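Going by the order they are written in, the chains are A, B, C, D and E; count residues from 1 in each one.
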């Protein structure tokens, strides 16, 4: 339509050979869901349209819950979600998928950074080392000063000020929150007794709406600490998290490693589903254990075969090296570990296009 | 002109058109009632699972919203209601005196040219979208106002309202109230200005002729005349503040307490902002719950505006 | 006791528009002086300069002198608020304060200076002023009712009582009866006749019979054409004015041949 | 040609309030009949029942008969809209349609009734009506200017032209000159005199000189007290009415002793 | 005058201190009012200033003539810009126009009913009471209403521009009714009577005389009502959705409006750049787009206000001489 920024051909000259589809996809397709995926999806849409210029794709970052809701009404071709489908949702999907049940495929892996703003430390570009228990205690309001011995002991080389800690968390329901606190629940359950939820469970510190809210709040005052998708960290300080007996800094590759060291959740109901049980307690060399895995949810069969063709092509592109590279450039995500590739291909092949 | 004379007695289709037009006008009048009823009914139907649905699932939904703090709909909505009313009343309190001041300035103190320009600016400000107030409040005001709140907490902390320590950054009820006050200020100002301007000259002159100073004239003639208008303007503004979404969403650090610690974070949340915050990630039942809270908000604003209208009616009668 | 007013070479402006030109008039104390003349000739305008009410209209100003017992009201150091305390004013349409009771209306001016009026003082003052305005008998049983509940004529007398209660030296009245029915008009005219023993009274009226009935002196204002400034055409004692005016325009006006 | 109007036992109500009681009057065709009487006695009210304009006021209704050439206007099968086309009306304050030019104002009655007039017919009609209202010479060069731009007297004549343009049989006028200056008044009075050869004219006036000057018959309305219904006190030809009225109230009124 | 109390007026003469006190009070209130004024100016000026300064940076023709398709991270688009708001402007205009089409005829006819037909009966008082009450409906409730209505009537998952129009029209309706009612009320009754006396039917009197005379006022009232709703965000998030390409079909598919765009860009906060990106890749671009779009929005609101006022002034029908 009018005003489109048509991509130049240089971007996709290299990519055209890697796409297996011979006939380009055309038509209008829409998805909705996780806002965390937004930046990546923008890149994917641009990349996908490079080879399928007739495809018009829209993604509404309305949130995982709303995305799944909309998907289950049949209004969208796929949903992006920060968490895997619930059992009843799989059951519900029978009414929209013409055959079988919906399934999820991991497409987006992003480390969650523990960001902080502390005069003399973060503005000097330094990291702070913490183990899971310390982070959990901070976010539970048990540690309230930056020079608390629990922190200081792990950071002998830093001069920590006597500043009060202001915790900043998400105020809206969020997959980021759930993934973040599930790290505590897995690694240091004694220090995190709350139920697992997408809502922040206590009233420590301050809540802010969306990743953007957290980041801007952290930036606004000295002594703040929060958590956010790695791509939004900017020049804030990040916490290096203790894995095994080392403190590992956050990076895309480090995030990827924990997924490589994780198993699939085989308790989930339904076919073709690939749900990753993140191994937060990983001791893998150089792994950063706090990650968010976000899925794309599709049907194995659609009323409209065009939709099916699209879903198949879309997932194929998104999970390809090329797609993952695009996401990494645009959103700083971690690439899907190669161990998952064959499983993913198998699930995608399950989509019926005839 | 014989044909003209003939038709002059029987105008074409005039009577039917008359009836149809009257019917349409009548229908549109009735439609207002229908629309209001529809608002209520559709919200009610969509929120029905709260009442008629599986209560266990409901309480699970609520506890998932609140991280286990509340497990019943009322346990959820009442603190929200408290927060909503608290924030709005504070905003009204701040905006009220300032607005009356500006309105008097425009109507009785400023030179005519300046007054016209100011009126225009005030009307314009009423139309600035709330998302822009949200941007400004969240990014500019929050850091800028912290020193002030900190000062207040240090010096007036003995008053429970101002109990310290002041949250930094100040994403607090106090800051939100200031932003809402700025947002409703133009509403109160423009309505009271219009009323102040209508003060009968006679009454103003009566006061002046008795040897009243300007302020005494305002006290004797202008304020009593404008009283009911000021009240109803304030109620309208209160209604607007009660329903404000984006600015609260983008600024306030929410909590679910019955708390009046204005300078501390994570104390209260408003219904409207809560809907906007939870809606994206809510499942079917969650949406019902949120619409249930929306229904409560609707009823509250309904009552407030109803009172406002009744007050004006009484005063003009 | 009333005070005398002398107006010397007064020009009155609304913004740039010269509304009334070169007025010279001597108003005797304890007499009733009436201003008459065709509509728009500036009667109200001149009247309002006598207590500096003219200047509350944006852009309005005055040149020349208005001497109240020899003291120029327009001197730099004179506070207009104080002038208006000494010179009371009653308007064309009765204008009691709508939110106040009869009693509070009467006391409105006094309260400005005496925040804490003893109840007995207040009662005395209210009675005195209402008696002075010939209204006491009619309202003494309902002093706490709102002032606007009265009939038009009663309201006008209430306004006179309110003006009188601050004990001014001069009373200015701008067509005080034009909104009243004949009976109320009579009541107010009687009142004016009584008041002149205590006050200097200046009254604007459209009704020549009224001027003839109540005024000691009459000033006839006129204007040459619409858009031209008005001026004082002729000033005389009332008997001369109405029986044997020494001015042709005045004669034509009084005999009803124009205006 | 004008038509005659006979009013029989007419009672006129505003809601429950009986405003005018038992009016009986015969209005001759092609004559000018004037209604006079003190304020509030119901002159306007009666006038407005003659073209069923009374009933547009919510709750207002009429009992009795109004016969236009023998046909009762208040019969069930009579369309009030049609009545108003036969009986034209001119109001106290000139009220040309502000959005229309002079020309469109004259044509309004025809055009608003959804007739498509050929341009030449329209031109003829405009000239005829404006000549009829003595306005043609003054406005013929600016027919497309807004009607509101005319002087008060011209506006009133424009309103008469507008009323005349729909070819009514009767013209009702409610104090058509009270908002006009003497010269415009004269112009309108002249016009009325000319119009009576074509129309039956009923005019309400406050000005007895005017009634005496232009009316053939005069009806004197009166009311016993405020809040009581008004009634037709005395009806006579104008010469009798003003020189030798056979009714005491009428005589008092005309000699200016009340009202 | 027997019974008249003797009054010693010297006791009530204003004392020097009393006069001084009153003068001080007068000045004090004047100062207070002036201070109130200045205090109120600070946030308002700051708000406008921030928006202008931040918004002007990216506000250019490119920004106005492209949408957000093919915009990846902080990279430049082939046209040399960083994406734009064309789709949001179109969405805003269409959705608002939809709201207009719904609420203006209904609101106007409702006002006609109230002023011309109702005779101020019980029904009319109820209606105008409810119109007043309706003007206080929170915008988010309007959004929930439209959302509920469309899910219940058209099945779940329905999101389109028109749904947004319905939500906005609910917010516009009372404003339109109120302002039209005011405008109809000030049409002098003389004109109605003049027309009726010419034997014109009531319907034609209303449409050709009353509405025609009130037209400028009605138009400017409607424009001001539009200015009020054009900045709504929350109800549109849930009803009209969000899309990065241009959708011109109001009745199908999601639509972005300017306020939603501002909010979405604010939510993105910052963009990433590929590791070896050159200087044309701007990481702060989302916030810059948000401010620029906010500025566009303010300018549109401003223009609407201006047009409303000009219409009211220039085309005002002089009913008084």
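Following the convention adopted for this analysis, a contact is a pair of C-beta atoms (placed from the backbone, for glycine too) under 8 Å apart; a residue touches a chain by one contact, two chains touch by 3 or more.
Quick caveat: nothing in here was measured; it's all calculated off a predicted structure.
Note on connectivity: the fewest steps through touching chains from chain A to chain D is 2.
Two chains share more touching C-beta pairs than any other pair, namely B-E. Centroid analysis (C-alpha atoms only) places A farthest from chain D. Note on chain placement: the centre of chain A and the centre of chain B lie 38 Å apart, centres being C-alpha means. Distance from the chain B centre to the chain D centre is 53 Å, each centre being the mean of its Cα atoms.
Chain C and chain E have CA centres that are 49 Å apart. Counting partner chains per residue, chain A shows two or more touched chains at residues 35, 62, 69, 216. Looking at chain C, residues 81-82, 85, 112, 166 sit in touch with two or more other chains. Residue positions 22, 199, 201, 204, 237, 266 of chain E are each in touch with at least two other chains.
Contact between chains, using the touch rule, shows up for A-B, A-E, B-C, B-D, B-E, C-E, D-E. Residues 35, 62-66, 68-69, 164, 166, 171-175, 194-195, 197-209, 213, 216-217, 220-224 of chain A touch chain B in their complex. Listed in rising order, the residues of chain D touching chain B in the complex are 79, 81-82, 85, 110, 113-115, 117, 121, 166-167.
On the side of chain A, the complex with chain E involves touching residues 1-8, 28, 30, 32, 35, 38-39, 42-43, 45-46, 49, 56, 58-62, 69-70, 73-76, 210-212, 215-216, 231-232, 234, 326, 329-332. Listing the residues of chain B that touch chain E in their complex gives 11, 14-15, 17-18, 20-22, 24-33, 35-36, 38-39, 42-43, 45-46, 97-102, 104-105, 109, 120-121, 123-136, 139-141, 178, 182, 185, 213-216, 218, 236, 239-240, 242-246, 249-250, 272, 275-276, 279, 290-291, 294, 297-298, 301-302, 304-306, 308-309. Chain E makes touch with chain B in their complex at residues 22-23, 25-26, 29-30, 32-37, 39-40, 43-44, 46-47, 50-51, 105-107, 109-110, 112-114, 116-118, 123-124, 126-127, 129-142, 144-145, 147-149, 151-152, 170, 173, 177, 199, 201-204, 206-207, 224, 227-228, 230-234, 237-238, 259, 262-263, 266, 290-291, 294, 297-298, 301-302, 304-305, 309.
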